[in-house]
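Below you'll find a set of structures to go through.
Next come two complexes, and both contain chain A; in the first it sits with chain B, in the second with chain C.
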Partner chain A sequence: MQETLQTLVGGLSLGAVYALVAMGFSLVYRTMGLVNFAHADIAMIGAYAASTFYLTSKLPFAVAMLVAIVVTGAIGLVIERVLRPLENKDFDLMLIGTIGFGIVLQAVAILIWGTTGRAVPSPVRAAPLDLFGVRVRTYDLLVMGVAALAVIGLAWFLARTKRGAAMQAVAMDHEAATAVGIDVGRSNALAFSIGAGLAALAGGLVGPMLYVDASLGGALGIKGFAAAMLGGFGSIPGAVVGGLAIGVLDSYAAGHFQGYSVLVTFLVFTVAIMIRPTGVFGERTVSRA
Partner chain B sequence: MKLRIGSLGALAVALWILPYGLGSYSIHVVNIAVIYALLAIGMGLAMGVSGQINLAQVAFFGVGAYTLAILTTHSGYGFWAAAVLALLATTATGLLVGIPALRMQSHYLGIVTLGLALGFINWITNASISGGADGISGIPLPTLPGIDLSSEYLYYYLELVVCALGLGFGLFVVRTSLGRRLRAMRDDSLAAGAMGAEIPLLRMTAFVLAGLYGGLAGVLYAGLIRYVAPETFSIANMFILLAMVIIGGRRSLVGCVVGAVGLTLIREWLSDFSTYAQLGYGVVVVLMVVFAPTGLAGIPSRALEFVRRRGGRAVNRAELRPFQPYEPVTALESSSLDEPLLEIRSVTKDFRGLRALDDVSLTVAAGEIRGIVGPNGSGKTTLFNVISGFYRASSGKVRFAGRDTTTTRPYTLSLLGLARTFQNLRLFRQLTVRENILVALDRTRTHTVWQYALWQPGVIRRERRLRRQAQKLLERFGLTDFADAAPGSLPYGIQRRIEIARAMATQPRLLLLDEPAAGLNGEEVQQLADIVRSIRDRGTTVVLIEHNMGLVMSLCERVTVLSSGGVIAEGTPAEVVAAPAVIEAYLGDSAMADVPLPGPGPNPDPGPNPGSDPDPTSAPASKEATR
Partner chain C sequence: MSRIPRPPTTTRATVCTAVVLTVALAACSAPGDSSSDSKASSGPIKIAVVDAQSGQLSSLGDWEYKGAKLAVDEWNKKGGIDGRKIQLKLFDDQGDPTAGTNIARKLASEKYVAMLGTAESAVTIAMAPVLQQAKIPNITSGQSDGLVALKSPYLFLNGPTSTTYDSTLAQYLIKDKGYKKIAMITNNGSFGTGEHDAFLKAAKGLGVSPSTDQVVTTDQKDFSAALTKIRSKKPQVVFIGSEEVEAGLIVKQARDLGITAPFAGAAPQGTPVFIDTAGKAAVEGTIVSSPYLSNDASDASKKFAAAYKAAYGKDAELHGAKAYDGANILLTALKTSKAATGQDLADAIRATAYKGLLGDFAYDDTGVGITKTTIGVISDGKLVAQQ
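Let's look at the complex of A and B:
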């Protein structure tokens, strides 16, 4: 029982990170119909940037994180601008274009930070808490707290601000949105940079939990995508549920199948998504004849 | 043609004498390049030709190489026996990876296949049978009588032959029946299904092909390097392979080969600056996607197009020729059907609380021309979608040609003799007009793909027959001048006619036309009326949705009026126009007020012809539907 709970807690904190990745991914997907395969690599750049500002420039962790978010937001703007001609046209080509950007970002990361990765010490020095015999690292609590704040913030932004409402309108019908005077290009650019910022947040938070290197994106990204699918593409609550589910699944698989955890995680994921392709909160899209 | 054979011959000679000019390291690089070319062909077949995003190609490569390695080193098989088993294993893997494609497409499929590839990499780096991170060494040398394959120069010739055969077979598939269907599925899977293409089987076939080529590449790789390790099959290499296919041109197999060989050579050349090279690929992929989505292979035709448009003197003497009516079926055999051709019994269709069809009943007798009218949003197209199998009725029954087809899939219905057109045109955009027709003419089932493996002359013979039929049909519909044009480049009226021709190519017993006159001018509407009458006279029953009341009044013997998802009137045009319910439904809509009762034709009403039976010889015989 205790062991199960321990795995659950470990899974939830990693799941919170996956949820952040999935959320940025979903936001971009839902506003512009773009599946951003470079998202994971943006998260990796975010992790590197945050760790660099934290370790090398000796900035406080929170400030380093903010700087990283700004940096990746700018990268997001560039990607959106380059791929804009394809928006709302060819879905598969855009997808491949973002894979191209992913390759570029990995190469850039290696050029700047080299091939050897780095371990980031935890910014929270407090001893682990003991809750009913389950050891909870304080940093994990911090990660979950920040993730929860990000979810609330994003939901508030989408529901309560003019820009957020405009973004929702673009998501529903970009032509109608243009007709009522929304600058679709600018709205999409904003969505993309927020998505990139969320990726950086995820990357920065995961830095002290995992080892930061150029392949971090691969590990983080695919599970983030899987989380977004499992929860339902484009759905913010879905991203949270999917992220936590993948995190817990991952943590159980690591506990029970050791080296084969990736294999088990993706087999389970594939079966789950075959049973319900629209995910938990996904909308069934009717293809009209 | 002569030029083509000449340049092919020159290329063959050049490839044959290539090793004489290369050092021992260069030939090794070339050998690797040829293996990547095979992999890229498989990727191109799945992604470019069939539109199935497949990011598991390195896993197929790995399954081939590892199966061979394990069978030869652990189980003591000979190289060639192991090679055959390895190919079987990759084909089976292709089938397994293809299963998710039945349920999801596009980015979903991309993520799932990528996930499965990661799972595979995870397995080979951990399992003891695959040697873990160290991999497997000591794979025996493949032996061929009289040829010493330990020489990389001679191995090159083996690879060259395999790759040439692989490319030849790939091109053969792409240009004949199977490939045409795969391309049709890529362009519009719904329309392809409505033309009788068995979409689920075709998707699996695409993955099996990708797996087969991946396995072939894996076997050759294991024989060349005689050592396999996980890093060869990494996700990074998957993305490089993707770059090869995109840069070369995913829709052209030759382009894939050029991309693969070119990028492998460049990668080797830049091996001291591998990170910069990686940066370069990424940038080139992005630029290609934005500026040249068809890749290097597509550049010549795009350039040609550009020059032609610049020239401005597009001597367009192509014209739409008149429709040549079908021979009317006069000798009517006694109706073998005791029941109507189409029968809809209290069908209801709900979309999440929205009731699009509410207890609709409708019977259409063989030989009828039936009109379905109603205000926008009254459920007309939904009804067509239910009849043609795109939607499943929430309740009620649909019977077509004497059997219950409530839950039958579109492709089965097509094989049973149901054809349809679409309200907003669903032609296969990347196929020529002729190919659009050929897809619909092809009535063979997907399981005849065995011919591709075992009896290619059968495929060629069928192809010739289909092409003759297509020519005839193009002539009948007056489309010969546009046979090799892309449908998207043609005027709207011509596209509408192509859609009807494509639907008629399936030799249907029942034709559903969804707003066939939308966007047509007066003369074209007149031609349409003649075409529809001729289609009926050849024995095909027609049901059409139309807003052009003049056309409906002159053409249809019976009219059904839908409003808010229910039938509010049915009868002859005159009866329907007078029905109070209809007038009420259309109140404020001037369409019914000024209906010109006698239509534009000189003989507007040929009279109902309830006795005419569809030509039994033209009705496709269909075996039991496979699911």
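Let's look at the complex of A and C:
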């Protein structure tokens, strides 16, 4: 019982990070119909930026995170601007463009920060809580709290603000949205930069849990992408459910199948996708190509 | 509000620029990509260093390259070998066996005299058949017993094998310390599997079976399940068999889960990356089996550490020292054999008796030159010899 609960706690904290990554994937996808393959590498840049401002510039962790989010949001804008001429023209080239940007970002990270990564000490010094023999790290609670706030904030933005509503409109029908006077380009740019900011949030938060190096994106990207698929690509609640599900599934698979855990995790994922190809919350498949 | 469509030429130009930029930058990141042929008996002596410069094992590859380069620079400063300069070229294997085999073919076609590296046994094992066929001697930094099992006459190790590391460790834990309850956590990669098998065999040979034997994957990030099982067994010591970063994460999470037993392991547990990843407080008391405990061990190591610091501004550690020894053995063999190649060079390496930073090297038919490690303990964030 203790082991089951401890495994659940471990899975949920990483699951919260996967959920943030999945949300970024989904936000860009629902707005533009594009899978941003550079997303995980933007998260890696975010992790590096946050750790640099935190460790080297000695800023408080929260401030370092905000700066990192702004920096990566700007990178998101640049990527969108370069790809914009292709919007609604050549979808395949756009996809390949995002893959290219991912490779560029990895190379840039190695140029700036070198091949040896860095360990980020936890900004929360408090000892882990002990609840009936189950240990909960205080930092993990912070991560889950921030992730929850990000979900609520994004949902509020999409549902309650004019810009958010405009983005929803573009997601539904970009031609009709153009006809009623919505700037599709600006809407896409916003989606890209919010997506990049979410990636930075995920990367910055995961830094003290893991180890920051140029390959961090690979670790986050595959699980985050799977989470988005599982929840229903393009759905924000789906991203959250998918992220937590992948995190917990991964933890239990590790406990029961040890060395074969990755195999089991993705077998279960594949079966789930076969049974419900649109994911848990996906009610439609967006095709904008 | 909608934007005026741009003329198609501009579109194409932008895309072209983006693609060209992408390609150009990607090319920048992969060093060692030109093809120049040199004759075997004149001009510089071409030696390849193959180590991961990107990916999760890149810090390992970085240390190895720095150690090898330091040795070569010193020889070049003294005038090279037979008046010929030594040309060192770095190839990035990304820690990936497939990338490694491609590089091996490249080395064969571009007539490299010898190869130093890789730091990852799996990559070296994948490259060995090609190198053996091309008769290119290889001094690797790997330590897996699988390397010895290949029985390639062209493959040499610049350090002890896992068996040496782990039998010394098991001897210390079980005989000297009298530990009976030992837990194991290893990963399923080539290094972790090698450590698992070597330690298990050594411990069983001394009459102790581990109380639990947990296997994790190489890219796992959450170890709650395995560590909770270990905690419930209340071990006196936990043997850990995985690379630097993952081992650091395991120890960090173990401390958060309330495991107070010390950890014990081989080379990766003595490195700064391991100590930083886990945190100084978490690694206190970690028992390490290593042939190179600290930079202050001898006059030779002090000299090496000073030169390393002067060249790179960083503190030297085991992997740099290993690569430095390996490069020096190769260069000594090249000197004694008057820059021979192929079979003659391999024989010259085998005949080289070298007093290195790790100890006294004397190669046998298996390609192992050194079979001794010592026990150290991490105290206050530094690895010190066990008193």
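Just so we're on the same page, the second predicted complex is superposed on the first by the 276 of 289 C-alpha atoms of A that agree within 3 Å, B and C clash if a C-alpha of one lies under 4 Å from a C-alpha of the other, contacts with A are read in each partner's own complex, and residues count from 1 in each chain.
Following the convention adopted for this analysis, a residue touches a chain if its C-beta (ideal position, glycine included) is under 8 Å from a C-beta of that chain, and two chains touch if they have at least 3 such contacts.
Values in this document were obtained by computation on a predicted structure and should not be read as measured data.
Colleague: Is this a clash or a fit when chain B and chain C both end up on chain A?
Modeller: Aligned on chain A, chain B and chain C clash with each other.
Colleague: Could you say whether A:137 touches chain B, chain C, both of them, or neither, answering first, second, both or neither?
Modeller: Touch status of A:137: second partner only.
Colleague: Looking at A:259, would you say it contacts chain B, chain C, both, or neither? Reply first, second, both or neither.
Modeller: both
Colleague: Applying the touch criterion given at the start, work out whether A:211 contacts chain B, chain C, both or neither, answering first, second, both or neither.
Modeller: The answer is second: A:211 touches chain C but not chain B.
Colleague: Return first, second, both or neither, reflecting whether A:52 touches chain B, chain C, both chains, or no partner chain.
Modeller: neither
Colleague: Answer with first, second, both or neither: which of chain B and chain C does A:85 touch in the superposed model?
Modeller: Both partners, chain B and chain C.
Colleague: Contacts for A:93 in the overlay, against chain B (first) and chain C (second): which applies, first, second, both or neither?
Modeller: Both chain B and chain C are touched by A:93.
Colleague: Given the superposition on chain A, which partner contacts more residues in chain A: chain B or chain C?
Modeller: Counting contacted residues of chain A, the larger count belongs to C.
Colleague: Does chain B (first) or chain C (second) touch A:106, or do both, or does neither?
Modeller: both
Colleague: Shared contact residues on chain A for chain B and chain C?
Modeller: Shared contact residues on chain A (touching chain B in one complex, chain C in the other): 82-83, 85-86, 93, 97, 100-101, 103-104, 106-108, 110-111, 259, 261-262.
Colleague: Any idea which chain A residues touch chain B in the complex?
Modeller: Residues in contact with chain B: 35, 37, 82-83, 85-86, 90-97, 99-108, 110-111, 218, 222, 225-226, 229, 233, 259-263, 265-267, 269-270, 273-274, 277, 286-287, 289.
Colleague: Which of the residues in chain A end up touching chain C in this complex?
Modeller: Going by the criterion above, the answer is residues 2-3, 6-7, 9-11, 13-14, 82-83, 85-86, 89, 93, 97, 100-101, 103-104, 106-108, 110-111, 114-119, 121, 128, 130, 135, 137, 178, 181-185, 209-211, 213-215, 219, 247, 250-252, 254-256, 258-259, 261-262.
Colleague: Inside the complex, what are the residues of chain C that reach chain A?
Modeller: Residues 1-3, 6, 10-11, 14-15, 18-19, 21-22, 25-26, 28-29, 53-56, 58-59, 61-62, 187-188, 214-217, 219-226, 228-229, 232, 245, 248-249, 253, 256-258, 273, 276-279.
Colleague: Using the touch rule from the top, collect the residues of chain B that touch chain A in their complex.
Modeller: 51, 53, 99-100, 103-104, 106-108, 110-112, 114-116, 118-123, 125-126, 190, 194, 235-236, 239, 242-243, 246, 275-276, 278-279, 281-286, 288-290, 293, 351, 381, 384-385, 388, 390, 422-423, 426, 514
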